[in-house]
Structures are given as C-alpha cells and as structure tokens.
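Quick notes on the structure that follows.
Note that the chains take the letters A, B, C and D in the order they are written out, and that residue 1 is the start of every chain.
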Amino acid sequence: MKKILNEPFAYVDEMLDGLCAAHPEYYRKLGETGRAIARAAKPTPGKVGIVSGGGSGHLPVFTGYVGKGLLDACAIGDVFSSPSADQMAEAIRAADAGGGVLLLFGNYGGDVMNFEMAAEMVDMEDIRTATVLVADDVASAGPGERHRRRGVAGLVYAYKLAGAKAEAMASLDEVAAVARKAVDSCRSIGVALTPCTVPAAGRPTFEIGAGEMEFGMGIHGEPGVRRGPIRPADEIAEEMVTVLTKDMPLQPGDRVSVLVNSLGATPPEELYIVYRYVSRRLAAMGVSTVMPLVGRYATSMEMAGMSLTICRLDDELEALLKAPCDCAFWRV
Amino acid sequence: MKKILNEPFAYVDEMLDGLCAAHPEYYRKLGETGRAIARAAKPTPGKVGIVSGGGSGHLPVFTGYVGKGLLDACAIGDVFSSPSADQMAEAIRAADAGGGVLLLFGNYGGDVMNFEMAAEMVDMEDIRTATVLVADDVASAGPGERHRRRGVAGLVYAYKLAGAKAEAMASLDEVAAVARKAVDSCRSIGVALTPCTVPAAGRPTFEIGAGEMEFGMGIHGEPGVRRGPIRPADEIAEEMVTVLTKDMPLQPGDRVSVLVNSLGATPPEELYIVYRYVSRRLAAMGVSTVMPLVGRYATSMEMAGMSLTICRLDDELEALLKAPCDCAFWRV
Amino acid sequence: MPEGLTAATLQGGLRLICLQMEASAAELNELDGALGDGDLGITMVRGCRTIEAEIDTYPDDVGMVLLKCAQAFTRTSGSTFGTLLATGLMSAAKATKGRSEVPWRELPDLLGQALDAMTKRGKAQLGDKTVLDAVEAVRAAASQSGDPGAMLQGSRAGVAQVMDRMRNLPARQGRARIFGDKSVGRDDPGMVVLQRIVEALSG
Amino acid sequence: MPEGLTAATLQGGLRLICLQMEASAAELNELDGALGDGDLGITMVRGCRTIEAEIDTYPDDVGMVLLKCAQAFTRTSGSTFGTLLATGLMSAAKATKGRSEVPWRELPDLLGQALDAMTKRGKAQLGDKTVLDAVEAVRAAASQSGDPGAMLQGSRAGVAQVMDRMRNLPARQGRARIFGDKSVGRDDPGMVVLQRIVEALSG
C-alpha cells in the first residue's frame, strides 16, 4: 500500500490541520490537545450535544460527520487507536449546551473504556451524559450476543437519526432513545479484498491471497467468518442480504434504507453494481428502499472491500433520515 | 487489483443500472442505447444544455455530474473508451431545450472525433452546438501546445462554472465563453502510485515498482514526466504547486480555488495532508484560496495517486463557483 | 457485369467482408491488445453484425447503403477505428446518394474524399502508420485501372507494400503512440483490417 | 523510615519507574507489536515524561500525587493500558486524598480496590492473561507482610510465577485476542510492564 504522507507520526495531526483549513465553515479544532474537533458554529443553547470519537483512518467517520444535523464534536485518536479520555472530555465540554450530551460511538474496547472515563470526568463538572454503543457488525458475534458486536457503517445511520432528533430540540433521553432505536434497526456485514497499512506500523493489517476475499472481516482486519476465492458481485450481494435479513427478518411492506459502503479503494462503480442487485432483491421481498446511500461513508484508508448496512425504518426514523444535515462529506 | 463485479463486459451497464436505481431523483437513462444519462427533471425551456461524455471508470466524472447547475446529459462509453457518436447525439438531443447545447469534454482523440461526428448529426436536426475542450493536464504537453493537453480534473471546474452560467439562462455563446475562460484558468498535474485494471482487459494499465511513483502520469496510465521513489507529501505538493504556477503564474492578491483530488484508492486523510501544505504555500505567495475541493472528484477506479488543480478566479468565476449545484456526488 | 458499383454488388461485397471479420476478430483484438485496448476485432464484428442483420432491407441506392453501413458503426462503437470508418463511409454516401450505380472510374475520387474526411476527423497525416496509409494505397491502386479485379489486385499489393514500409516505424497516433518503441516492428492493427477487407473482396 | 507511604517516597519510586520505562520502551513496543499495535512502550514513556516534567511541583498529598499520575496518562494516551493504569491510579487517589502518609498495611486494600476498578473498566477477568493477573499477584504478595521490602520481594516472585503459569495460554482480551494462538507461548506485554515496575522499585 503506497501512501502520500510525511512523518508517519504526524499523519493524524497534519490531516486534521488540512481538514480544518479546507473547511473552516464546518470544523473547529479545540485548543488543548488538538485532537478534538467541534462544529465551527457555537452550539444552540439547550440543544442536546452528540459526541463521537475513535481512531483515525476511517474518514468521513468520525470527525467528518461533525456538522449540523449530525455530530457536535468528536475526539480523534491515532490511526486505529482510541483517543484519550481527556480528548473525549474536551469534545464533550464543547458539545455541551446545557441539554446534556449523548456519547455515540462504535463498540471497541478502548473507546468504551475511555468514553466511560471521560463521562466520569465531566460528570464532576455537572455535564449530564448518556451513552449508546453502535454494534451493527453481524459477523462479529451471534444474535444472542449483539452487545458484543463491533460498530461499523451503522454509525452513519446512528449519527444521522440521533443528530436530526437533537436538532429538533428533543431531550437527552429522547435523543438517546432514537440512537438506541437506530442501533437496533441496523445490521451490517462487510467483505475485505485487501488490507490497509497503519502509517506508524508500516505494514499491512493482514495478508490475503491475490484471488481471495474474506467475508465478515472487520474494518481493522479483525478475522471474519470465511475466507475464500473472490466471487461475483451478485453472489456477494446475495449472501450479504441473506445474512442480514436472517439476523433482522424483514416482512413485505417493510421500509429500509441501505448503505452500500466502500472500505476505501473499491470504487463507486462497483458499489453501484452491488446496489443494483440489493435493491432488486429487496424489492422482490416486498421491501421498499428509501434514500439509499452508496459511497464511501465509513472506510479504512486504502482497504479494498465493501459493506452492506440495512437500516429498517418506521415513520419516525424515515422522517429523521430525510431531515437536513450538512458536513463536508454529506449533505441531505 | 481486486474487483467486485459480475461479467466484465456488463460492468458499465450494471453500474448505470445501479446508479439510476439509487438516484432516480437525479439520473434518467435514455432509451435507445442505455448509454446516455440525462437529468431526471425535464430541461427548462430555453436553457442552454451542457453535455459531456467519455469512457467509464472515472466516477463522479462524467455521468455523476449530471444535475442542476452542472451537466444536462452525458454519454458513457465502456471503461476508458469513448462512447459512440450516436450515444452522444442522444445525450445532446435530451439536453436541448431550444437554447443550443455546449459540448464540454476532455481532450482525448476518440471523444473529440465522436463528439465532432455527433455535432454533425444533430446539426442536421437544427440543434445548435458549441464545443469546448478541457485540456488542463500540464504534464501532457508544453505551454506552447496547450491545445494538445489531456483533460483531467479541470473538468470539474469547467462543469461547475459553465453549468452555473447556463442555469442563469445565459446564451450559448456566453456559456461557451465561460467554459473557455474556465479551461484557460485551470491547470492540473497528477502523481500516480499504482495502476488500475480495466475489467474487460483484466490486467493493470501499467507496471510500477513497490516504492515508486510517477509524476505527471495520465489517468489512463499515459506516461508522465518522471518516475522515481515516492517522496514525502510536502515535497510532492511543493513540486506540484511549482509546476502549475510556472505554467500559470500567480500574483499576490490573486484568488484561486484548488482541487486536491484522489485518483481512487488514495484516502481523504492523505489529501488533507497535501491540502494543508498547498494552502499554506499559496498563502505565502499572497494568493487566497476560495472554496477548496478535497476529495474524489475525477478518478480512475482503484488507482492510487492524486492530482492538484488550480483554478484562477475573477469575480465572475468566483460567483459561478459558489452558485448552487446538485448531483448525487456534489452539492453546493 | 455492370459498368460500375451497384447496390447489389456492394451488398455482395459487404457479405464477404462480414464473414471475413468474424474470422479475423481474434487476430485483430490481439494485435490491438498489444498496442492498445484490444477492441478492434470487437468493433468490426459489432458493426458487421448490425449490417448483416439489416442488409436484406437495404434500398437500391449506393449512397443509402453506404449511409446504413456508416450508421452501423456509429451506433455500435465509439472506438477510433469505427468512427473513422463511419466518417469515410459517410463521405462516400453523400457523394453517391440517390444513385443505383457508380462507375468504377469514380472510385479513386470517392476514396480520396473519404480519405480527406478521415484525415480531418482523426487529425493524423499520411505516414503516421495508421489506416490512412492503407486507404491511400487502395486509392492509388484504384486509380491505376478502371477494372475492379485489377483494382483489387493492385490494392492487395499496395497495402502489403505500405505495411512493409511502415512496419519498423513507431506509431504516432492513437493509443499505440503511448507504447512508443514497442510498436516498432509491429504492423498497425488498423492497416491489417484494410488488408483483410481487400483480401476478402479479392477472394 | 516512615511507617507508610509518603508523598516523598512515592515521588522517589516514580522517578525510578520513569527511568525504567525509558529503558524498557523498545522492548515493550516490540512485545506489543507482535500481538497488537506496538504502542505499549510509547504509552508508558509519554505518561512518564509528563510525570517527570511536573513531579517537582507535586503537593505533599499522596492522593493528589496519584491523581496527577492518573491524569498524566489520560492526557497522553487512549491506549488500553494507559487508561487502565489511570483507572487504577484514580481509584487509589480517591482513597488517599488529603493524606500525607498512608500506612503500608493499607496497600493490599488499595491495590484490591484499584484492581476492582480496572476490572470494571476493562471488563476482563482474572485469568484472562492481562495486567490484571499481575496486579493481583502484587496485591497477594503485599498482604503477606507489612514491610515494603518484603512486599516487593514477594511481588517479584509472584509476578514471575503468574507469568510462567499463563505463558502458554492464549490471550483472551484486547487486540492480542485477534492473534489467538499466536499469543500462546508469549508473555502478555501488560504483565511485563508490571514486572519491570516491580523490578525498578526493588532496585
């Protein structure tokens, strides 16, 4: 994997410098650590803040989604490493406008620990927080252990839906309830074709044969459910839909949004080929697709592969999904 | 290069099926060939139409940019191959709303020939056309032979600026004049780190060593100006700015927009590292940067590498750049 | 035997060419694959199949038949060769529109006009090692005689000659130009198409 | 010699630990690199350097010194080990806040509370082959005697023992779990940190 960078250890800080320089209308770097980013605009008094965070290397996740109708602030770690509890606390303080702050992030050990610690820190400063973990990757644990699943592209729906709810001046409990509903309604599964390289490590996250793919692999190279020869797009899509709808059965008449997401190198052309199959397949099940998302929404730098997320909608979630949002990477 | 696809020969048609299925609010497939895409909305009577086209494999270029404030219709060829003159003529007919049609596309032999032929075809049907070629790649010919240069990411500015002018109900001559001014104001240079694979060919477009990059290489693998070891991001950025501003000198007080564009696999993290340097470098020259674009605007599937485009602005171009536009890949 | 090219003769020739292109497709793809995108055989087969599918409905008008042939290529191909071929055919179609027979002696002029149109379209020159050089060889041979058999014999020799002469030059046009010196020692694929067409017609 | 742990004794110990971590950084990075992201040495060095930079300004309050140490890690690291260490230190800080001396016999309880906090934070269990098992070994050794020297001797032996016992088990927590069987036969890097700390303190 070839990269355009300077000093590997400066990767994240230089990236954030560039991000904030390119989009000062969206992003504001917070003083102390330089690893917390808030919306450029001051928070609306009383609005519930939404904070996320995690390791770098997943743009637009996490930082990119700071913006109206989405996140209020974000803590950013090194590539694939949790930010520190202090950085999270700083993001939480920036997001607090008196209405409390929802901590909404992916279910990874380090992030969970640090957000817990950060919540304790700001609790002493009388900032109320609620925590919702995104755990949508069906490959990472069985249906009986959903709380152990990793968070992947489902983050995008969680941000969007909770973000829209917060923008409507709902209370912390209400925003957290929508976030929980979003998490309960999302299922994701990925397929990896090539690894990526963490700049500071300088070697690929895993090895895989030239003609192979790994079904269910995690975005940091966590082992998946099966490795085998690369199969045709339609077969991959079919297996993905089957796995997701087995975990979350859909009935005729159901409405869903789907996210066909590239892990990085896989181009949109291929995503559209997959979307074509998925949308027909869902239609054949009597399920209608609303506001599909196709593109690079949650990535692992230059990793090749894609993921499919199905988000089941009810009237409330559909309205929240279609509500406006605005960041440098996504506008509705 | 690993790909998620079905039959390689179905790549483009399946991609277009998916694109139109995912975004029916933006894209409408025209009947006869299935290789011409128009805006979903009927054209405004009297508005000048803008048509582009070229080979597939460059999303969002070309088809993705069909949308309000951008293109009206597009003809799409096989991967890296010109569409046929008939397909172009079909796109031109769809874009015509009585005000004439601007043919705005990159300077590649096949596309030029076929658009010429298409223009002759629709001329017999009394559709007035004007042609502006985008030729922004400084690596592809010297300053004395600008008309021989290839068109690369500068297409994006040409679409945006001419598209905004057309939306303001300007005449064909006026829209063509803005397009020409856009082309005259844009310079691009790219660096390639890895090749990509044309699905039907099944082999990489070129070979390159594990630690090498090629400065000035074209988006289809056309030879560049120099091959050598991969250098730090800042040095690459420095050389790019130097080459571009040598070709189009900038004065203190000048305003530009810049596009830091990924060729596909190169992630936005790296683009922001480069943007960080470019924006500082221009600021040090007394040049101010307006509405920078950082992302995947003109790609070559899974190719790794990036390009830098500088677009010099005057009051008119700046206003047109900031005018609204809306397609599935870009909204202003 | 008629004094010139009739729509019927033309259709007979087209059938022979179509057969030949099916047979030569793999060879042409391979030649073009070495120096380009490998679609030259596909381009020819797609155009020819469209012609074959419609040929029975072609009118008794040389110009209209040529126009239909041109359209068979503009509809099915955006590749350089298809577009140039269509350009040449279109030029000849305009000059012969409404005529059911075209005297053989007009052939060199028709070819010359087609060559001009193709040159204008492709912005290449004679000597650039493209199909243009082969077309010029056919035109030159055709101007040596008023008899179609002799024209074809001369064309065969003329095309072979110009190919020999150019083989060791580098390509200067199209995708092959990118390969630069790799093209030295190789025949230009577009010239090979013309060679196969002449061969097919001369039986 | 005082009857317990004073802020001054603690500072002396911290200086020894900081020195040791500089010396062990490469070893720790390498151990963590084989089964994780290779940042364990970096985590320790960053935290320790922050401590060293501030240590002269630390107040005469055991709890406050421990809190400062905890903050040195929450500020500089988001890695598991840094966060767990901070969690343990924070727990001890709360229990000793405002005191300039803490009797040695309270140490086992403080370590037990720290262990509880770390267990709750990391959701791992004793026996999972993590730093927790080493902390437990230190706690057990400290409860065998009221004398700091004997405590350290016991800890050295106890940590070595538990490491021997766990070496051939697979990792069950953190990134190392992903490597599964590759972790069999290898010491847990987090336990090695505790081993180096005990060694540094026992001189």
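One rule holds for everything that comes next: contacts are C-beta pairs under 8 Å (C-beta built on N, C-alpha and C of every residue); 3 or more make two chains touch, one makes a residue touch a chain.
Nothing here was measured: the structure is a model prediction, and the numbers come from that model.
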May I ask you to list the chain groups that still touch, directly or through other chains, once chain B is left out? A, D | C
Going by average Cα coordinates, which chain is farthest removed from chain B? D
Provide the C-alpha centroid distance between chain B and chain D, rounded to the nearest whole angstrom. 57
Chain centre separation (chain C, chain D; CA means) in Å: 83
From the mean C-alpha coordinate of chain A to that of chain B, what's the distance rounded to whole Å? 29
If you average the CA atoms of chain B and of chain C, how far apart do the two points sit, in angstrom? 33
Draw the chains as points, connect those that touch, then say whether the picture is a line, ring, star, complete or other. line
Pull out all the chain pairs that touch, please. A-B, A-D, B-C
What residues of chain A sit close enough to touch chain B in their complex? 1-6, 11, 14-19, 21-22, 56-57, 59-60, 64, 191, 193-194, 210-211, 213, 230, 232-234, 236, 264-276, 279-280, 292, 294-296, 299, 301-302, 304, 306, 329, 331
Touching residues of chain A toward chain D in the complex: what are they? 33, 77-78, 80-87, 109-110, 113-114, 116-117, 121, 198, 200-201, 221-223
Could you please specify the touching residues of chain D with respect to chain A in the complex? 33, 37-39, 71, 74-80, 82-84, 86-87, 121-123, 173-174, 178
